[in-house]
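Sharing a structure below in structure tokens format, with a few things to ask.
Chain nomenclature is as follows: A, B, C, D, E and F, assigned in order of appearance, with residue numbering initiated at 1 for each chain independently.
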């Protein structure tokens, strides 16, 4: 069973995008909730996360803790990859999805459900490139999604069929503040939130060059 | 040995439903108790839970902690899958059963024992679809249960034999507050509890569409 | 070596009953002690407990913490399966034995050593059925034990040889308060303790039906 | 290399006895020290302890924490099996050795080094039987030890060669207070310590019968 | 995908250098951020670090905690090896990279992005030798990096092609304060930071001799 | 690469000695640093320590915590086996090396770098025998070390080539205070430190006899 929501707004729910097998994309929602903790607050993520996905959540938590400051020391941050299935979640491409769901839940500002997104994150808020962008965009388009956020560094990877080109708007971003600018719904609250996020994380890099590409290394 | 209770009311006890093997359902009760903790409060679940079942309990705990607010920081929440046997509990389809048992124990409001239930939960209170609904309904009917709560998203999956159709009432739900509305017994306390739960969790989704189904993905 | 004690009273010591291999019972004592903790209080059980036995201790601890309220937040509760041997303890049939030993140690009320017992427990104090009742009863009778407490739900399973029938009294119970009523020794203290335990745990079930039996499921 | 000390007194050092392989005993010293803790106090045992040996230390710690009451909440109790070698320590027969070493260190009362000992312990101070008593006694005698403490329940197992009979005194005991009575050196402090230990642990059993022996069970 | 940044300044971002396979170097950036902690502050490193890399972070944390004193007891220090890929990070040669990224984030002083570095660290601030220096230097040169920091003890290992010799400046260092002297950007703040770091760590060794080399031992 | 330092003084750095393979010794330095902790203070050792080496550090920590009393409850004690290589550190023969490095770092008193050492430790400060003494001494001599501290119990094991005999001074010791007497540099501080250490640890044994030797047992 797969429930797709592609209209209206929802607090703490974001349409993520994932790759299945070699060449198939899927809409994979993430939900978040903030609850009082019993001991010291924790970040609790479910969806049978593998190591790289767990670490993506740790990286996202740096931004969340900085954003919400002292307010979460007695709060648990719950993150749920919904309807994931047996294999569990791997990889770090849901990082911006997780960050958006948690910030929406913290601030109680709805997320636009006609938006889907994919992107990795640095601990300082930079949106980093991911794999499978084309398959993900097609899956989102098939599900009736209108806008798709992707990393700016993946812009040149987009090669979608003409039929989808008019159906969906592709929005390349390079910082988490741009993601929230697009995905959040409520107007004046959203703007002040985005400004606050920008001032807190700063920009790690004022200028950035894309150098020679390559496969990912296993450094020693 | 299997004890079935299908009449009267009991605090902290709920008739859950599970699937055994390929095509057989079973009534699987969940019991809950709240006790003072020794260190910081914990949620302690027994029944040899596998990873997906442990995570279902983590998701349910988001709702419970939010519902009971600060009151449980020095309390342990005990959840027991009773008479489970060697293999242990897997999957997330007992999520609404666990939530109902714990809220009954916290509030000391009895649960109707002629009700059985199956359903997954989001961290924000949405009831999500599960597998094996037909087998579970038949098992409940055979055990003398009168009312069976299932996820609204599973409504079209129900294909039970005519002999059971008159015996049991099927109640599709889409939010945890509807589950408690049906399953709890005491009258005025129940209503205020359900109202409080609604106001706390809100509705993640104001409108919802069921999109194209599919097998569960292992996203990357 | 096996030490059997079947006379007099002892604080914090209870004669449990276990099954060895296919068809042999044995008296397996449990001892308990309460000590000041170094950090937050803990429940510490020894006897190389397997997963199901560890979880039985967790379930019992719900009753103990509720019974003793705040008093144990800086106390360690030590539970020792004595003379267990290499294989360690498995299963949950010593739950009432553990509960009785700990409550005796907490309250410093002696346990009658001519009593042996077997029974699982719910977190709310219900005594649940176990396996091997007949073999356990015969082992207790051979060891000179006079009274044997078993779960009421196992009453129909008792098929002991005539020679033991006159030797031992079988006492079926359905709640932990009945176990203590039989097993504790000191008179006025015992009665108020049993009353307190009844009022704290309540009765989860006012009426109970035994439905169709079956093998234990591995639900999903 | 093996250092044997069999004369004089030493604080926090006790000559234990162990079995190697099938039929060979050895003197295996245990040393203890009490130090201020960094976080909450802990019991830290070294010597590559296997599960049963770790649990024996947990059982001993019940007696130690009760004996020293609140004083150890900010203290680490260090227990060292000295010169153990690759295989590590298994079994629970060093329980009285560990208890004696720690109580000597806590109270700064020397232990007689011409004494060696073997014995398991209940959490309430009962000395329980162990294996290999004869081999252990011969090893102690060969090392020049004068007095050997064994569990009373092992008294009938002693079958030592005549040449050792005159060399060593065998002292059967049934409670930890008797062990300290024999092993500690300083006079008036020792007596008040033994009295205190007796009053704290009480006697779990006023009368005790040794029933039919048997191999150790693996109960279920 | 690989993003290379080789110009300007960035807070909390440092160009590290790693070896891939036998004979290939790569620029591997490290990013750091400081956030309020939920419980006691932690050092959290991501990039699927193997044991030696985890321990390198522990060693670096000694310097960081000493440098920042009490200020980080309620702060989490996030360290991210960016774009690492499947195999994860091993070895300790990113120690100076990690230390520089964290100190930049703590002090909010930018790091020069035309600098890359490789070097192990002692807990007292000594820069220790690493492997693959030549391959690393060539990779940095190819990426447009201008200055490369290496351990002084590796100075004799540098054998780079003539074409790179004019392109890059090799800077051998023996203490972490020299690394920061080169890599940090902001002028007066940097100088006082470097002075403070020198005074805190001292010099473990006033004079040092390089003795007979050899392969790394596995001591016993 | 291997850096040998054999002259001058250094705070928190000690030349240890280890055995590689069957018949080869090596100088293996240990460094220590004390830093403010984030949560409760910890002892953190790096060098891929195997179980016996981890436990050696636990035993040494008993002496360190006792020596420094309450002062380290909010301090982390970092211990680093430098330049260890892939296999990691095993065994307990670096115990006196670790103790010396930590006490030097705590007290900020330099360690003489022309001294190397090997020796195990009891939790009460006794220096216990180790293996490979002859190979270790030769390795130290080859590295230009002048003085080598060994356990008194290993005195009869020293069989070094004549060429080294005049080069190095062998110093047998039986207590940690003697190690510091030889290895520390600063004069008046050192003496009061050694006195304090003697008074704190006392002597576990006033007289000691070396009994019949034997291989290390795996006691049960």
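We adopt the following convention: contacts are C-beta pairs under 8 Å (C-beta built on N, C-alpha and C of every residue); 3 or more make two chains touch, one makes a residue touch a chain.
Fair warning: this is a prediction, and the values are worked out from it, not measured in the lab.
The minimum number of touch steps linking chain D to chain F comes to 1.
Path length between chain C and chain E in the touching-chain graph (shortest route): 3.
Under the contact definition, chain B and chain F share no contacting chain.
Ranked by separation of Cα centres from chain D, the top chain is A. For the pair chain A and chain E, the CA-based superposition corresponds to a rotation of 60 degrees in steps of 5. Comparing the centres of all chains, each the average of its CA atoms, the largest separation from chain E belongs to C. Taking the mean of the C-alpha atoms as each chain's centre, chain B and chain E sit 51 Å apart.
For chain B, residues touching at least two other chains, in rising order: 37, 39-40.
The touch graph of the protein chains shown is a ring with every node of degree two. The chains touch one another to form a ring, and the order obtained by going from chain A toward chain E and onward is A, E, F, D, C, B. In the complex of the two chains, the chain F residues touching chain E come out as 1-13, 18-20, 26-28, 31-40, 44, 46-48, 76, 78-91, 93-94, 113, 131-132, 142-144.
Those residues of chain B that touch chain A in the complex are listed here as 37, 39-43, 51-52, 55-56, 58-59, 61-63, 65-66, 69-70, 72-73, 75, 122-124, 126, 128-129, 153-154, 202, 204-220.
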